[in-house]
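Listed after this line are the structures, all set down as structure tokens.
Both complexes below contain chain A, partnered by chain B and then by chain C.
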Partner chain A sequence: MTHAIEAEIRAFIDENFLFRSDQDAIDAGASLLETGLIDSMSVLELVTFLEGRFGITVTDAEMMPENLDTIAALTAFVARKTSLATAA
Partner chain B sequence: MCGIAGFYGERAEAPRDAALVGRMLDAIAHRGPDGRGVEVRPGAVLGHVRLSIVDLEGGAQPLADEAGAVSITFNGEIFNYVELRNDLEAAGVRFRTSSDTEVLLQLYLARGEACLDLLNGDFAFAIDDRRRGLLFAARDRVGVRPFHWTRAGGRLYFASEIRALLAVPGVEARPDPLGLADILTLWAPLPPRTAFAGIFELPPGHRLVARGGEVDVRPWWRPDFPTLAEDAADGRGEAELREELAALMREATRLRLRADVPVGAYLSGGFDSSATTALASDLLDRPVSTFSVAFEDPEFDESEDQRRVAEAFGTDHHTVLCRGADIAAAFPEVVRAVERPILRTAPAPLHALSRAVRASGTKVVLTGEGADEFFAGYDIFKEAKVRRFCARQPGSSLRPQLFRRLYPYLPGLAAQSPAYLRAFFGMGLDRTGDPLFSHQPRFTTTARCLSFLSGDLRAAAAGYDPLQALRESLPERFGLWHPLAQAQYLEIAHLLPGYILSAQGDRVAMAHAVEGRFPFLDPRVIDFAARLPARLKLRGLREKHLLREALGPRLPARVAARPKQPYRAPDAAAFFPGAEIPYVAEALAPPAVAAAGLFDPGAVGKLARKCAGGRARGTGDSMALVAVLSGQLWADGMAAAPARPLARTA
Partner chain C sequence: MRVEHFLEESARRHPDKVALVAGPERLTFAALDGRASRLASWLHAHGLGRGDRVVVFADNSVEAVVALFAALKAGGVFSLVNPSTKADKLAFILGNCRPSAFVTQEKLVPVAAEALGQAGFAGTVLVAGDPAGLAGAVAIEEAQGWDGPAPTGAGIALDLAMLVYTSGSTGFPKGVMMTHRNVVAAATSITTYLESVPEDVVLCALPISFDYGLYQVLMAAKVGATLVLETSFAYPQAVLERAAAEGVTGLPLVPTMAALLLRLRDLAPGALPSLRYVTNTAAALPPAHIARLQALFPTARLYSMYGLTECKRCTWLPPAELARRPDSVGIAIPGTEAYVVGEDGRRLGPGETGELVIRGPHVMAGYWENEAATEAALRPGPYPWERVLHTGDLFTTDAEGFLYFVARKDDIIKSRGEKVSPKEVENALYQLAGIREAVVIGVPDEVLGQAVRAIVVLEPGSALTPLDIRAHCSRNLEDFMVPRSVVVADALPKTDTGKISRRAAAELDLARANGRAA
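So, the complex of A and B:
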């Protein structure tokens, strides 16, 4: 399931932040902030996308780079939230 | 205020070369609708288009000395020409006209290059000196007036605007990959580079000497600041400095009201332009004509404060309403005027404003530019201070909350979590020793635009780092200054001339033959400001502290107390109002993007879809869209008719 989540997240980032298609794929562990892909507003776009696409709620306390700043962290975060939702 | 063009080199021949310089002048005819002159000399041709402001009858140019050995073509104003003339006359110099041009020529004859230090003015000029067999050109301290040059066919060609150089056979309009990389990172090319390959800008505060085939470019003035230790030891009293500054500003304004035509004032509603309006009102015995931009969107509009100031000083007030549709409609002409890609639409409303000024019959306006740079008004200075404060306690979750206070007008920031505030503004916190520390977040956001460059341009600019180039351009003493002074220098030496005074200044004003004058950029004012200790510029997070103390009491209380609100205009959204704007769709279409060769068609397509879908909310996307659209329009203009003059509207 995480593969599907990661693919969707990558597609969103590619369409909305990365733009170029002739570049190497982003490393799953690369910081989106430090690579300049995301600025302070883009984080809000990203959260809006996650909530809309995966039916989760990102609380203020969860809006932190530890959860959202790499593709790997994003994938793990969404997987955790969706499995919690399923379990509940 | 005018436009200049010409060349230096042997074999100047009339009438062929007079016609060539005539074509160069045609390209900048908008700068000088009141007259033109071309002088063919043995080793140079000087050309001039004139906007008559001082000595309406006798101020024609080029102007030679009586022997004809030395001749000048000059764009700008020497505000202290009356005092300089008195000194020269006392020394026995006789004058034939009452123009400031002749004062400049005589001062050069008397003092040579050292004349520059005595000039209180905004200027760019070229002097052909047959006595010494050289061309001497110079530009004012902070770069109010433009000067560009290039070489072709063994000659050095110069002009106020690049379009005049593109009228010269053999000078091609080609993009400079490094100049574009500069713009997409730093907002403006690093001089002498421009957006055009092989065409150079004479940097602010520099002079150029051409002799034979040699060209020597050197600074004659650079901003300087006290060392950190001197800053800390400066115990001068605030009250005394406040009075000194008020007197300096009054004198700076008095000199800038010198003209043989009426002088008006731009009024944004902010502190600086309100202060210049107040000073002008005090000095004139008639109502000042004030000119403002009002926005339909309340997020940008400041007309309430504009009205308060206009009422307080009984000005003859004019307002131009600017809607998103107006920005989109004017944008192609604005890009033609600025001659390069830009990242913001903010020059567009100022372009509309200068048109309104001209239509009202006014040729000269005072503006408040320069105060934010020299007295520390910009948010970026506060941001850097808070970032340094955060860097001392990297784990603090409370300190980053200060960023929200810095930008109350940015709705997106209020929604950020403390963790992200820290992460975003914290970029570079481990690099507080980097000379560019203050501007790192801005440059990082802007540099996202680089990813839109085409593969060819990226390859051509490979290995070039605009940030490193900027670091290498800094003066030796930079590291000794207070961090605030370092941040100020980056604004004063780069952003002010490269963007504020050009894209938002000279180019959009002169597109309608309007001359801007800047009391805050008077040499005595900027020397005074540069010597001030940091505590009197940014006190806590109160910007322009001493300036507010000196000039605030004269202003309506609400305007005096108002925190800095940056001048902003609707950006990318203006180009996607719902219904498609044909020229925008055409410029961003993949075939057009591929044909121009500047940007990657696929990346531009995604960005355009995001903007058209209303999903672009961040500064980065907006800047990228404006950069791409302006780049496409710029490339289109180069391909079609690079030397075509701007439309005449007056």
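So, the complex of A and C:
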């Protein structure tokens, strides 16, 4: 499950933001903002993608680097949100 | 009065008050001034002389703030460069102002190394963090621990204080020269109308390489206020929580940041109960955003302002006038004059449209080693010894003398509050094999103000995709200049003389967008 989520998130970042850097593969634990992979405008695009693709709602309180700033954090966040949605 | 005296005076008046909060660090005025003094003596001991330039290429950070004050204390001139600047442009800036010292941070070492190599830089290099990867570089921590004699006789107020590089219509950045007197005049005028006090806590998420961000640092030092420095506005909720925790009283914004704030779904009025003022500049806020900001921050006065790097700030709208004239950028800032002239240089009356001219002690000394551009912008004033600033912006006034922005005379695009020269983006596009023709325009965007759009014609057989083209741009241009959209066209509209017409391309693009909407 989380593998599939991570793959989709990576594909989106590859397609839309990876060109911002010359790195080939992004470390799952690397800060997307610090490494310059995404800029401040891109966080909005990322959230729009997550909401559209995974059918989740990202609240203001969740719009934090802890949830969105690394691939590992994004994957865990989406997994948590989607499992909550399924449980409910 | 020189700019470093702002910090020195505040450190004398209230040494133990918090001057700067950045990430986990909290520095008192005494600590900040002490660090800057030690770095100044290190720079002095390592050859920085009066009038020598120090280029600082870094994120918003304690080290960047320390470096700029250190440069001034040593009698030097600082220039802050946007951290998303790519190697080619950084090398151009280094070649242009020929600094004696260069300050950067660990994260930016790869770009810095390339630029320093390209520019053949032979001066002193300081790095915040690990200096590995830059030959001969010294860790800034080490330099700040220096215990040498303090430099004396830094200079006088007429000396050059800083260079602020700004996009020019030619596609090459120009260094705006500001003397200490210019900076002191602008900072004094602005803190007068903002009624700034030592009790203020100002949160700055604007890059300090941008003069609007830089002046937050300088004005906080001047009045003895606390500055909370953030590295970005990517997570507005996180910034707001920080602002609430610090009891922020002043919040400088550009329209893009306001739009990002207003996108928060759960933001309720009163989130920042200590907020005393919000400022906006770079472009006008939409009236709907003004109303929502006022509802969200009922304790705050909202200042609409307008400015150019060439004089820092031109006008401000007294907050009491906002309801009556929401579209106006107001009147000249205190101690200065702003008026509209016709093609013949005569002052125009209310309702007439002409170029805005700025007169006052805040007007720049000129562009660094660029006499032609300086002569175009600074023209003879009312007295034989003075020059006034021709802004290149078209304005009109109402019957009571309040100013209204009409349009720019050139094609500069304003995106995210930053100036983008279409020519500079087009130059980058033409470096990509496969692009035959390119034109860059600004299109309206709810968040960015204007979004940068490239319209290109490809060479026959080229397989370039819009993503390839954006990728190329992102490797060669700062973030805010990278086109948000790329349109591949069969042909571009031309003028009678065969030149690509940017205006016709923009009109065509608008017609296409309207056609789709209809």
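The rule we apply is simple: the second predicted complex is superposed on the first by the 84 of 88 C-alpha atoms of A that agree within 3 Å, B and C clash if a C-alpha of one lies under 4 Å from a C-alpha of the other, contacts with A are read in each partner's own complex, and residues count from 1 in each chain.
What we mean here is this: a residue touches a chain if its C-beta (ideal position, glycine included) is under 8 Å from a C-beta of that chain, and two chains touch if they have at least 3 such contacts.
Predicted model only: the values in this text are computed from it and were never measured.
Of the two partner chains, chain B is the only one that A:Leu37 touches; chain C does not reach it.
Legend: residue contacts after superposition of the two complexes on their common chain; A:Ala7 is shown touching neither chain B nor chain C. In the superposed model, A:Glu15 lies in contact with both chain B and chain C.
Look at A:Leu84: by the touch rule set out above, it reaches neither chain B nor chain C. In the superposed pair of complexes, A:Met63 makes contact with chain B and with chain C alike. Legend: residue contacts after superposition of the two complexes on their common chain; A:Ala25 is shown touching neither chain B nor chain C. 15, 19-20, 22, 33-34, 36, 39-44, 60-61, 63-65 are the residues of chain A that lie in the contact sets of both chain B and chain C, per the superposition on chain A. By the touch rule above, chain B contacts chain A in their complex via residues 412-413, 415-417, 419-421, 423-424, 427, 444-445, 447-448, 451-452, 455, 600, 602-604, 606-607, 610, 615, 617-620.
Note for the complex: chain A touches chain B at residues 15-16, 18-23, 33-34, 36-37, 39-45, 60-61, 63-66, 69.
Against chain C, the residues of chain A that register as touching in their complex are 15, 19-20, 22, 33-34, 36, 38-44, 59-61, 63-65, 68. Chain C contributes residues 84, 107, 232-238, 256, 260, 263-267, 416, 447-448, 467, 470-471, 474-475, 479 to its touches with chain A in the complex.
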